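Look for subunit A in each of the two complexes below; its partner is subunit B in the first and subunit C in the second.
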Partner chain A sequence: MKEFDVIVVGGGITGAATARDCAMRGLSTLLIERSDICDGASGRNHGLLHSGARYAVTDKEGAEECIRENRILRRIASNCVEPTGGLFITLPGDSLEYQENFVRCCRDAGIDAVPISPKEALRLEPAVNPELIGAVKVPDASVDPFRLTDANIIDAMQHGATILKFHTVTGFVRNNGRVCGVRVTKPGVIRSQEIRARMVVLAAGIWTAGLIREAGINIGMLPSKGALVIFGHRVAGMVINRCRKPSNADILVPGDVVSVLGTTSDKVPFEGIDDMRATPEEVDLLLREGVSLVPALSHTRIIRAYAGVRPLVMADSDGDGRSVSRGIVVLDHEQRDGVPGLITITGGKLTTCRLMAEMVTDAVCAKLGVKAVCETALRPLPGSGKAHKDDEEVPYFKRAAIGRHGTEVSRMDFDLGHEIICECEQVTRAEIKYAVKTLGVRNISDLRRHTRIGMGTCQGSFCIKKVAAVLAEELGEPLREKEFIDEYLQERWKGITPVFWGDSLREAEYMQRTHKDEI
Partner chain B sequence: MQENNISAGNLEQCLKCNLCTLVCPMMAVNAHYPGPKKAGPDGERYRLKDPQYYDYALKYCLNCKRCEVACPSGVMVGDIIQAARLRYAGHNLRDWALANTDLVGSLASPFAPVVNGVLGLKPVKSLMHAFMGVDSHRTFPSYSARRFTSWMRRQDQGGFDKFVSFFHGCYVNYNYPQLGKDLVRLVNAAGYGVHLLEKEKCCGVALMSNSMGAQARRQGEINLASMRKAIAAGEDILTVSSTCTFTMRDEYPHVLALENAEVRPHLMLLSKWLYQKMESGEVSLRFRRDLHLKIAYHTSCHMQKLGWRNFTLELLRKIPGVELVEMDQQCCGIAGTFGFKKENYAYSQAIGGRLFDEIGAARVALGAQSDPGFVVCTECETCKWQIEMSTGVPVMNPVSILAMALE
Partner chain C sequence: MRFDAIVIGGGQAGCEATARLLDASLKVCLISAGLTMEDENTDPWRENRAMAQRGATVLRGDRAVSAVLEAGKVLSVRTVNLDDEPLEAALFILATGKYFSRGLLSDMEHIYEPVFGADVDYIPGRSHWYDQDFSAPQPFLSFGVKTDERGRVLIGGKSIGNLYATGDILARDAAEADWAQIMNDYAGK
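Our next item is the complex of A and B:
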């Protein structure tokens, strides 16, 4: 393989945005991901596009970054962002003085925070706890992390980047101490392969901590687990936050057609980071707190629970790991550790992914002596923009696809693919074909991330055999249908088991009986 | 952990088993209709996100509620669809005219001979087909020159010490007062006097299926207020139409959010009331022995949803000369105003096809191939129009049959 200008390790949102920025600045770029795009923490979060209000009181700089990036993403990724607006509600027992200070801090950070009366809050969002004593309207929004990552990946490819999925970086190629590439393996092949590049960027979230040790470097990182619960439909149309010091389960986000409640924050050992599961205790905790935000959550069906890992980075000066930063961290390992050719980007948030990419790409360009400036905030991502004329009647089978992929639907062939395969999420054959062709998938779990297949109420119980048949056909591997179903159902169980009650339990039984050969 | 899962229309109870899809009469004949599961709980999740996901193919729902009868999880599939149509769909002048049975009826009634004549003329039918979208195969039920209510006000009901109230409905009032008279005869024979409600408006079913929810709600409030007064006076409220009954019992609370819990147990079809009175021994009626009728009983969709057909069947069996066949429960396809719209005519007839075949088979089973005494019996007036138009077999409400059988 040729030598690249830059290798980005990690196919989450940070890596994807970095690959896009590098490629747009004319660098020959390779992104390596050990699994599928968005399979780590990027696919296991709230899907909240912060206005910055949550950080306004404690972290003004972070809040300012958020509101800037919030405005940019609305502009460049209109198909990924839904401008739902957000409310910070104050409940009896919370302090209205905190709310006053909160509004002041928001305004200092440039966030348009408008205090409204409890009555007005209930009119805007009838689902909020009617006992509220105060409310503030903020420009929070809902963002689909899968779509946002895919859009960055597609744009990177359109600017010439190469994407290597399902390849694991096992070490670095060194020359006189300089990192000049990586060693990668792929499943089923014992020998590793060397790929060379002038710069290597680590954007692997919490997995960076393990990788970087291969270069003889140590970064103080702590895995912090965040558990979340998905409810079956939209209980509230706006993002609902609790107006108090950030705590457990105080945000409810309307994500696509579901509601996501979270999150917890617990330090966990490194051993568990590859297999994060929400526990029934965490679900209990989330429910208990969530009900005070939106009372209907006490009886709304839960589809599943899941957990992601935030990479908390310890400040270098801090020995015992008490002060962690959630801000953006760019580590130039030449300067910091005397290892040229290697840069780490970590910290930050989903909302600030573009800014993180800009910062690390600036660092890469400086090392390579490239003068190109960042244009990622100016150019819309693939899919962004109007997918149809205002007066055009859009056929029903196309609407869900437009909602997810925006203008990218022009690349889908609905003439032969308008049949709906996944009924809960209204995924058509055309959308499946598009995902297979554009983003590359191994199995149904991969397909799910790029289309929402099986993410709905039945979790695939009803349509998974159809999906498996269509996928096998599209991949040209007709014998793998059963394997696809096995893998998918096992993965789904992981999120269903912590919420084994009510209708989820009935659904699980139905699933088990329908697929008794597979489970 | 949660104690139970409840959402509007029991949306989240849906396990996606698709039993509803299996029983939907429209699914079987129309590829454009997404089916009850997709139109109902599946579609609702998307509509909750954004009304732009409203699918205009929901207009094909017949509101027959067979999906709800079939659902093993208690999802109010039909109610979810009906409520979505009220919220998101628009309507035109034709729909307005078809839906306002009350207003149109009271305008047409005084000029009944003229209106009936004109509406039956071929050129008028063609014009309505072309410009209003009312299918030319259909004939409007003829209007009666004298309303039921004006007849009723002249009846002396003073000789009774027990009373019921009668919700007559638009069809009895404007089109077929005889059915109301039959009810009065039966109830009087049972020893009860009949009162009209203080105020009665159309139940609103046609308004609802044509997306005029606000008006339906206003009319529902008026009806419920009158019924509460009747109930306070110790009267049950009797009806003759399965659709009006079902609408006021189930759609009022589920679709129009009208609280009717205290009215519901007192609001019923005559057959349920009469059967219970006879079973308890309070009422005994004597039927003629010389009435030789061969009856094929058709369970209308809303009768199936009410679950009351056995009351009717048992009463009919008490008439000595009656031979009765219960037909398989199929939709006739007209679904109220649905079948009157020209774009729906073909679907309407395709759905009804299976029932029409059943009627033919019932006729053979009763040995009534050339017998003028063969009738179809059903509680629904729009089923009556559809069956009479499509098969030529006369259709009678069980109330009329029972009244005819009185000694």
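Our next item is the complex of A and C:
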């Protein structure tokens, strides 16, 4: 492989946005991801486009970043963002003085926070706890992290970037102490391969901690687990937050046809980060708190529970790890550790992914002497914008795809592919073909992330065999059909076991009886 | 309304029990909620109709919700649709299946049988109910109603003289009564 200007390690939202920015500035760019795009923390979060209000009281700078980026993403990624609006509600026992201060802090940070009466709040969002004593309207929104990451990847590719999935970075190529590339392996091949670049950017979330040790560097990082629960309905139309010091289970976010309640925050050991599971105890806690936010959650069907890992970065001066930062951290390892050629980008939030990319790409360009300026805030991402004319009649089989992929539907061939494969999410064969061809989908979990196949009401119970057959056919690998089914069922099982009671238990029995020859 | 026998649950096990009772010329009521997992070999509605044609009173789309017990015996059950009409009988067969058919209900910690409050053989605490591997044997599928050695349902550890369980609702290790035994018990009342 040729020498690249920059290698970005990590195919989550940070890596994808960084690859896009680098490519747009004319750098020859390679992104390496050990698994599929969005398989780490980027695919296991709330899907919340922060207005910044949550941070206004404790972290003004973070709040300002959020509201700026919130406005930018609404503009450049319209198909990924649903402008739901958000509420911060004050419940009996919470302090109305806190709410007053909260509104003041929001306004200081440039966030349009409007206090409204409890009655008005119930009119806007009938799902909120009717006992509320105060409410504030803020510009929170819902964002689809899978789509946003895909859009960045597609744009990076359209600007010449190369994406290498299912390749693991195992170490660095060094020359006189300088990092001048990475060693990668791929499944089934023992020998590692060297790929050279003038700069290497680590954007691997919590997995950065392990990678950086290969360069003889230490970054104080802590994995912080966040568990979330998905409900099978759009219980609320707006993002609902609790107006108090940020705590467990105080945000409910509507997204597509579901609602996501979260989150917890617990430091966990590094050993478990590759297989994060929500535990029954976490689910109990989430429900206990969530019901006070939105009482209807007590009798809403739960689809699954899952967990992701935030990377908490300790301040360099802080030995005992008590002061952690959730802000954006760019580490120039030449300056910090005397290792030229290597930069780490970490911290930050889904909402500020574009800004993180801009900051680290600025740093890369400074090292490479490239003068190009950042244009990522000005140019829309692929899919953003109007997918059809106002007066155009859109056929039923295209509507869901437009909702998901926006203008990208022009690249789907519906003439032969309008048959619907996943009924809940209305995924057609054309969309599966597109996912295989354009997004490089290789297995059923990839397909789920990139199309929402099997994420709907039936959770694959009725369609998974059909989906597996069609995917195997489109990949030209008919023998993998059974593997796809098993993979899907195991993943579904992982999500249903933490919520194993009531209707979920009924579903579990149904799954066992329909998909197992013997039980 | 009074019958000789009432079968609760219209799936495969309930229909088989009904057929046996009809064979013995009993006046039978079959309560069938219609929440059976069908497969290509069974059609519960067709079976239910066949039972009706043979003379059973079939309450289709109805569900037993409560029971009256006295001196270790069931006197009557009530259903959703006939809530002001206790259904009485000398013999009761519980065949409501497991979770999908709502024969067993659950909350975050417990599994219970909703009509009679029958003893359920299970481990409290839902983290004990599953194996994380989908393809492994699953503990929750072996849970079910407890019976005594003659197949009579236990409530609070005591045998109920005229209540038998059959089919999926039985715990894996629970004894199932044989029909000769049931008819024998019935004849002795």
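Please note the rule applied: the second predicted complex is superposed on the first by the 516 of 519 C-alpha atoms of A that agree within 3 Å, B and C clash if a C-alpha of one lies under 4 Å from a C-alpha of the other, contacts with A are read in each partner's own complex, and residues count from 1 in each chain.
Here is the rule we use: a residue touches a chain if its C-beta (ideal position, glycine included) is under 8 Å from a C-beta of that chain, and two chains touch if they have at least 3 such contacts.
Quantities reported herein were computed from a predicted structural model and do not represent experimental measurements.
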First, second, both or neither for A:Trp501, with subunit B first and subunit C second: both
Contacts of A:Arg411 with subunit B and subunit C, given as first, second, both or neither: neither
Subunit B versus subunit C as contact partner of A:Glu423, first or second or both or neither: first
Which superposed partner A:Pro254 touches (first subunit B, second subunit C, both, neither): first
Which of subunit B and subunit C A:Arg513 touches, first, second, both or neither: second
Contacts of A:Asp284 with subunit B and subunit C, given as first, second, both or neither: both
In the superposition, subunit B vs subunit C on subunit A residues touched: B
Subunit B versus subunit C as contact partner of A:Trp493, first or second or both or neither: second
Partner chain(s) touched by A:Arg75 [first = subunit B, second = subunit C, both, neither]: neither
Touching both subunit B and subunit C, residues of subunit A: 280, 284, 501-502, 506, 510
Complex contact set, residues of subunit A against subunit B: 232-234, 254, 256-258, 280, 283-284, 287, 298-302, 396, 399-400, 403, 420, 423-424, 426, 456-458, 461-462, 501-503, 506-507, 510
Subunit A-touching residues of subunit C, taken from the complex the two chains share: 37, 98-100, 102, 105-109, 126-127, 129-130, 132-135, 137-138, 140-141
Sites on subunit B touched by subunit A in the complex: 1-7, 11-18, 34, 37-38, 41-42, 44-46, 48-50, 52-53, 55-57, 73
Subunit C-touching residues of subunit A, taken from the complex the two chains share: 277, 279-280, 284, 486, 489-490, 492-494, 497, 500-502, 505-506, 508-514, 516, 519
